[in-house]
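Take a look at the structures below.
Same chain, two partners: subunit A is paired with subunit B first, then with subunit C.
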Partner chain A sequence: MPGSLRGLICLSLASVAISGLTACGGDDGDADADAEAVSEATNGGRTGGTITTAYTSFPDYLDPALSYTQEGWQSMWTVYTPLLTYKHAEGAEGATVVPGLAEAMPDISHDGRVYKLRLREGLTYSDGTDVKASDFEHTIKRVLNLQSGGSSFYQSIEGAEKYIDDGRAGADISGIETSDETRDITITLTEPDERLPYILAMNFAAVVPGDTPFENQTKNPPPGVGPYKFDNVRINRGYDLVKVPAFDVPDQATGKLDTINVEVVKNRRRQTQDTIQNKIDYMHDPPAPDQLREVRARYTGTRYAEFVTNSTYYYFLNHDVAPFDNAEAREAVNIAIDKRSLARLFGGLLEPGCNFLPPGMKGYEKIEPCPWGDPTAAPDVAKARQLVESSGTAGQAVTVFGNDEPEPKALAEYLSDVLNDIGYKARPRIIEASVYPATIGNHKTRAQAGFANWFQDFPHPGNFMFLVDGDSIQPTNNQNFGNVNDPEINEILDAASRNADIEEVADDYARADRLTVEGAHVAAYGHRELTVFYSDRIDFENCTSWHPVYNLDLTQLCLK
Partner chain B sequence: MGRFVVRRLVGMVVVMFAVSVLTFLIFNVIPNGDPADRMAGKNSTPAQIAAIEREWGFDEPLYEQYLTTMEKVASGDLISYANQTNVVEEIKRGLPRTFALAIGAALLWFAMGTALGLYTAVRAGRWTDTLVTVLALIGISMPVFWLGALASYYLGFKAGLFPNGGYSEIGQAGVWEWVKHMILPWAVLATLFIGVYSRVLRANVLDTLNEDYVRTARAKGLTERRVMVHHVLRNSLIPIVTLWGLDFGMVLGGGAILTETVFDLQGVGQYFAESVGQLDVPPVLAVTLFGAFFIVLLNTLVDIAYAALDPRIRLSS
Partner chain C sequence: MASGVQPRSHAALPEVGRPAGLALRRLRRNRTALGFGALFVALVALALAAPLWAHIAGTTPSKNHLSDTVVVDGRTEQVVTFDGVPIAPTWQKKFFLGADTNGRDVAVRLLYGARNSLFIGIAAALITTVLAVLLGTLAGYFRGWTDAVISRSLDVLWAFPVLLLGVALGVSLALGGLKVGPLEISGDSKWIPTMIIAVVSVVYLARPIRGQVLSLREKEFVEAARAQGAGPLRIMFGELLPNLVSTILVFFALLVANAILLEAALSFLGAGVQPPEPSWGTMLAEGITLLATSPHLTIVPGLMLVLTVLSLNIFGDGVRDALDPRGKVRPEHG
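Right after this comes the complex of A and B.
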């Protein structure tokens, strides 16, 4: 999802607390005072104990049907388990969809429209009630009825659109059939969707009891099936994740800590200071920029680490509007931008890169040498100026779009300066973040160039490459902002989208990625990094697990 | 007095109405995007957006939207567009923190401002007057966010003399912990006002000392202490009380945004600042009304206090 929108959703964090997965991203508690005994565990870390974690903002919702921010999803994954889920592992392994509450991966019909799953036997929610197959349909109904940001993912289910149109919460979704007796769940799609396993693994589809009301349950989150449960929810202040001892689902992490106290501490400087002084055990967001250098120098490898997220930051260059309808003009931009400078705009928390696909994504093959110059070296501005001259576009006026969040604004201003430097008459145009995607995604705007970014909804290369797929172009709400329409890329993506086996099509996505870069269809410059910063009490070495979807895996956190 | 109170109450309603209309209009005409579009998220469909518009009443005429919103304010059902939390409950949650900050700081700046103002007036022209005057000017000149950051860093983080921000509930950690958390915010917020108040009071006292009735009081043989307290200070305090009432109302109504943010108190002011950042109309409207209420209320109380301080002032006139 676009970071700009995420910035809106995540409210106070703007683009700083951006995370690897979703659209986006107190009071004193002296963790040292925690005298709870901890015991040696068998898997490297210890179990037991209580920690205090700090988030800059409260999650958008504590309701799996509604939450669409990284903060929300990180906790949500510990409380709710969907029918399918991800392995609790790092790297590519963690991006593997595995059975969650379902006994096995779905049995898919030959035409790719019907998915059959069976619920595991004997599952209970954290409140002790039994999990029923029919709860799944109720779960999807809630997502659709509550107009969740995730509802569009489930509209390929037969009858989903009719359900929304009818507006009756209790109505049936014809494409979902369940049997509480056999625990069978059958999902029928209107057309094949190779993304469905990933969509079923999203938190939106995490099963909740069939009597969960059709309204936002953030105040009193519904029970789930997971290693932890929500407790002591204090809206905009914090909540607790309390271990559920009875949780026992094969191949799922059970959680090491007894309790994770989540506190909202809006001042990141204070968060950093409190973490240094061991008053906070885990700081979710990066330290404030002026503190980052000191934290890096003193704690890297012992209490602090940086991780590259599955995200991509790029400038879109509109192929339908001059001057970037000219390939040489686009090449000039790619050559002229200094990716080291851009990384500095993120306080150093941007991994400069050449690829459009992020490094953690299936299909990523590092493009080396980068056709536009080494991302970690100075750009060849003279060459860029020559290209602008030879393209015949020199002197043309360019409006560079950006939104009013700090980084996008600075990025738009930077590109404007670069364009002026290589021979254009550029000026930035900064618009309000909430309307930014809709504005630049409207053909009538004819946005020439501007800031864009994307954070995965799920770990599938198609979730990135559709941004440069000519078939995805539409007159409004267009997310292919540059109207990239390369027949070769379109053909590759079209073929790849018909194959549900991601391993088989990884090379195709790599080729599409290379063509995107080599064709200078966008000016990609890097991938966002996030951080973990711990108190001295946390076992950094044994209990830090950076998940490709949910970022820091809270179930793996443990005390020394 | 009765007629005065009634008149002020009617005026209060008129002011509140005007504030509510203006705030509502301002945040509806600026280009903040369609709230339904924003609520539906990036994957929204036209049908989804239409459903939200229907449900939230965004498809109704503006005046109807205003009336619906005000009805929700009155009934306590106002919901944030950003995260669908109850705005009135959020304000209630932030109120104890804002009250704690405002009341403590207001008492501090009133007491300190009065004491220093009186002291410098009595010692006008001496080196102590000059010293306090310079200190007052420094206090006035220091931005709250800068002073707060310094105090928090050096006295909180480095020296560990005070908690490094945050708020401690009395019910959870006791009164002393609460006081420890509030000392720096009180001091920082009060610093600016102490400087202003001491300067204003000093000038007033010096003016009053030259009044005929002060000379008369001295000629009557009253003690200097009685002259200063009953004749000089009492008269000099009238504009101070006015100022104090307005400032206190402003701080109570969300005016201590920077102090709350620097010390992460998460009171009403901080909530307001975040809501403005998100162009989230319901909380902005509610907090603005809340602030206006306190400013008007405090203004009324100040007018009543006038009569007590100076019997020559007739409220009915």
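Right after this comes the complex of A and C.
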């Protein structure tokens, strides 16, 4: 989902603590540790006050069933708490799935198909109505019925596909059983899915009242259970996040500010200027390229910071179409691209590297030395030319695909130039961003090479490695753009996907990552960095927290 | 003959040279128009010299120099800094007008961009002229249903915002190209924006041509030709067309200017010249994000665009004043 989820970004995590999952239920020890983490995270900084934040565009939706952009998710997390959620903490700890509205982590059956959860007692929505276990089924029905971008995540639930096929909103999903009396929720899957805890932690599954209509509720977002609620929604202009004083869910952050005004300011230059002048307290997107240098120089460490996200940027090289059906040709591309140059195309906001998995992801093991050359040094173009010659593919025509956004366009033009340099006849083909993934993901296009990137949906290496999994290849909407189909990688990923204990399979993902790079299956070149820039009013020292799933944690922000 | 409408028949042959001579004398007296005409010729010469300058600069218009360095005044400077800011004009052979964000030589791209702009401008104007003369003459001469169909079709075209129509066509054709019978144009061909601009501009010339033909067809020399047994084709192209030459000439320069502007606008919006071909419009679009730190990226192509369009407009006005001193022909701009 690289197009729609362009901004869904996360930072490092070293331990995704799903490990104790199968054995748990409500482990008191874990709960205590969670409480400690929250109290640490919320220490420091004063409470109260109002701030203004600036977004370049209005979120896609203000409806948890539909929102699938980073802008949307950042606010959603403050308004809607799913059954399972993430710790309000930085780094690896923040990527840990913990109980949200559920009393404890799920009990999982031995065959890995049945998940049992119990809703906490006495939960109420921000409008005061009670939360019922049956609301969860309604929530999932909305996701499926509204054809949300997230609906595919929930189709492993038994009866979900039948529910979609029937097309009746009120029909039952056989794989979800709930009891409002006991607050029990039982989810039965068609086959084991080790990602389910992460999928339940996505905002799509955040419960909303059982009478929420089966239509987009952006104009009037449904009440949720969270530290804030939506108010004063002005479509395409902004909205307010207003504190819910009654919110009191154990181990969950309650928020420090009274109100967060979200304003849409399309001009990033103006956003930067207003932030410098303290008219805006936080700007969500990086400063405009021509202002970045000044902001870096003047405010790094006091009001400005950069973070590596859980993302990967690479060129896909189509294994089914000449010349990149030839391994030597792919190796030549990997050798010839200059990662220092590519970082410049991102204004320096790219961490060059050769791994496919991002540094913050479980299973990441830095590949050193990089098999195709040092990412921080000049490439060996002569060697690349030699490889092209010996591969017998020299002189072939190559179309390099990119989309019409500034960076992808520049990246496609760069690769085209590199390919010309090493002996091909390359031309870039720039197409509109909204149709880009569908175009290059259609086998009929026979896209030879081009720009590709991926930001995590959730912090699990499988959410990246499926991009090079031969079993994921499909004729349309294919995300494995290069049709990578290496039996060894496929086997590793298949085995890893059947094990819910991520700690146990981390090494397998690391091996798959290494094989992807060493086989020159893609030309991976780095991981995107994002920025935070605050006004002087924000307590940068104590109240700014970069969350690995939601980026800036709005519940931690506070004024000096 | 003051109207510029000159019957060709009936012992007029000795007079043929006179209006042209008069017009030339008037044009020679218009120093401003001549000056801007010379400027346009200089711009064309520069565009033709693009490969020569690329050779001197040691690069090509699409060559990236992102991690390269260049010595300026004895100091080694990065072509593009680590934070993505390209080098400013060096006023020397390499990167004379600086580099863009991909580390490409702006001067080289500017000259190649000029070739593209001029090619599209002139080719589009030629196609527009052929189509517009054909349609305007047919509509004006035959009147009735022919006129109704052609005029209403032109009205429909007129009703569309030109830029929106151009963008819509440009974006859709850029992906799949154009296939009409034996005619096949690939999506990244310069002929795509050329054809789009040519078609959307037809209305600007076709309407005045039609108006003139409607008037001319009632003149005595047309009556005389008809009496001599001339058919519609001979009358249209043998009698009427020579009398439309001054109008066509006046419009042509302005059509070229208009086409260059439209090409820049389409390219700015990503629907015109496709990468890696440079265009002033794409150069402007690429430079706009670095307006504060690298103003040369927008100023240089912007200035070229202004100079080219200004020179064509002023020269075109001069030509009109020379051919049509009483100002009967007034181009309408969309």
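The criterion applied here is as follows: the second predicted complex is superposed on the first by the 520 of 560 C-alpha atoms of A that agree within 3 Å, B and C clash if a C-alpha of one lies under 4 Å from a C-alpha of the other, contacts with A are read in each partner's own complex, and residues count from 1 in each chain.
One rule holds for everything that comes next: a residue touches a chain if its C-beta (ideal position, glycine included) is under 8 Å from a C-beta of that chain, and two chains touch if they have at least 3 such contacts.
All figures in this text were calculated on a predicted structure; none of them were measured in a lab.
Asker: Taking the superposition as given, does A:Glu432 touch the first partner, subunit B, the second, subunit C, both, or neither?
Answerer: A:Glu432: touches subunit B and subunit C.
Asker: Does subunit A have more residues touched by subunit B or by subunit C?
Answerer: On the superposition, B touches more of the residues of subunit A.
Asker: If we overlay the two complexes on their shared chain A, which of subunit B and subunit C does A:Thr218 touch? Say first, second, both or neither.
Answerer: A:Thr218 contacts subunit B only, not subunit C.
Asker: So, does A:Phe153 touch the first partner subunit B, the second partner subunit C, both, or neither?
Answerer: First partner only.
Asker: Figure out whether A:Ile164 sits in contact with subunit B (first) or subunit C (second), or with both, or with neither.
Answerer: first
Asker: Return first, second, both or neither, reflecting whether A:Asn236 touches subunit B, subunit C, both chains, or no partner chain.
Answerer: First partner only, subunit B.
Asker: Would you tell me the residues on subunit A in contact with subunit B in one complex that are also in contact with subunit C in the other?
Answerer: 269, 431-432, 435
Asker: Which stretch or stretches of subunit A touch subunit B in the complex?
Answerer: 1-2, 5, 8-9, 11-12, 23, 26-28, 58, 60-61, 68, 147-153, 155, 161, 164-165, 167, 216, 218, 235-237, 264-267, 269-270, 273-274, 277, 431-432, 434-435, 437-438, 479
Asker: Which residues, counting only subunit B, touch subunit A once they are in their complex?
Answerer: Those in contact with subunit A are residues 31-34, 37-45, 47-48, 51-52, 55, 82-85, 89-90, 93, 149, 152-153, 156-157, 163-169, 172, 181, 261-264, 266, 270-271, 274, 277-279.
Asker: Where on subunit C does subunit A make contact in their complex?
Answerer: Subunit C residues touching subunit A: 62-64, 66-67, 80-85, 101-103, 171, 174-175, 187-188, 270, 274-276, 286, 289-294.
Asker: Going by the contact rule set out above, which residues of subunit A touch subunit C in the complex?
Answerer: Within the complex, subunit A touches subunit C at residues 269, 288-293, 296, 338, 340-348, 378, 404, 406, 409-410, 412-414, 416-418, 420, 427-432, 435, 439.
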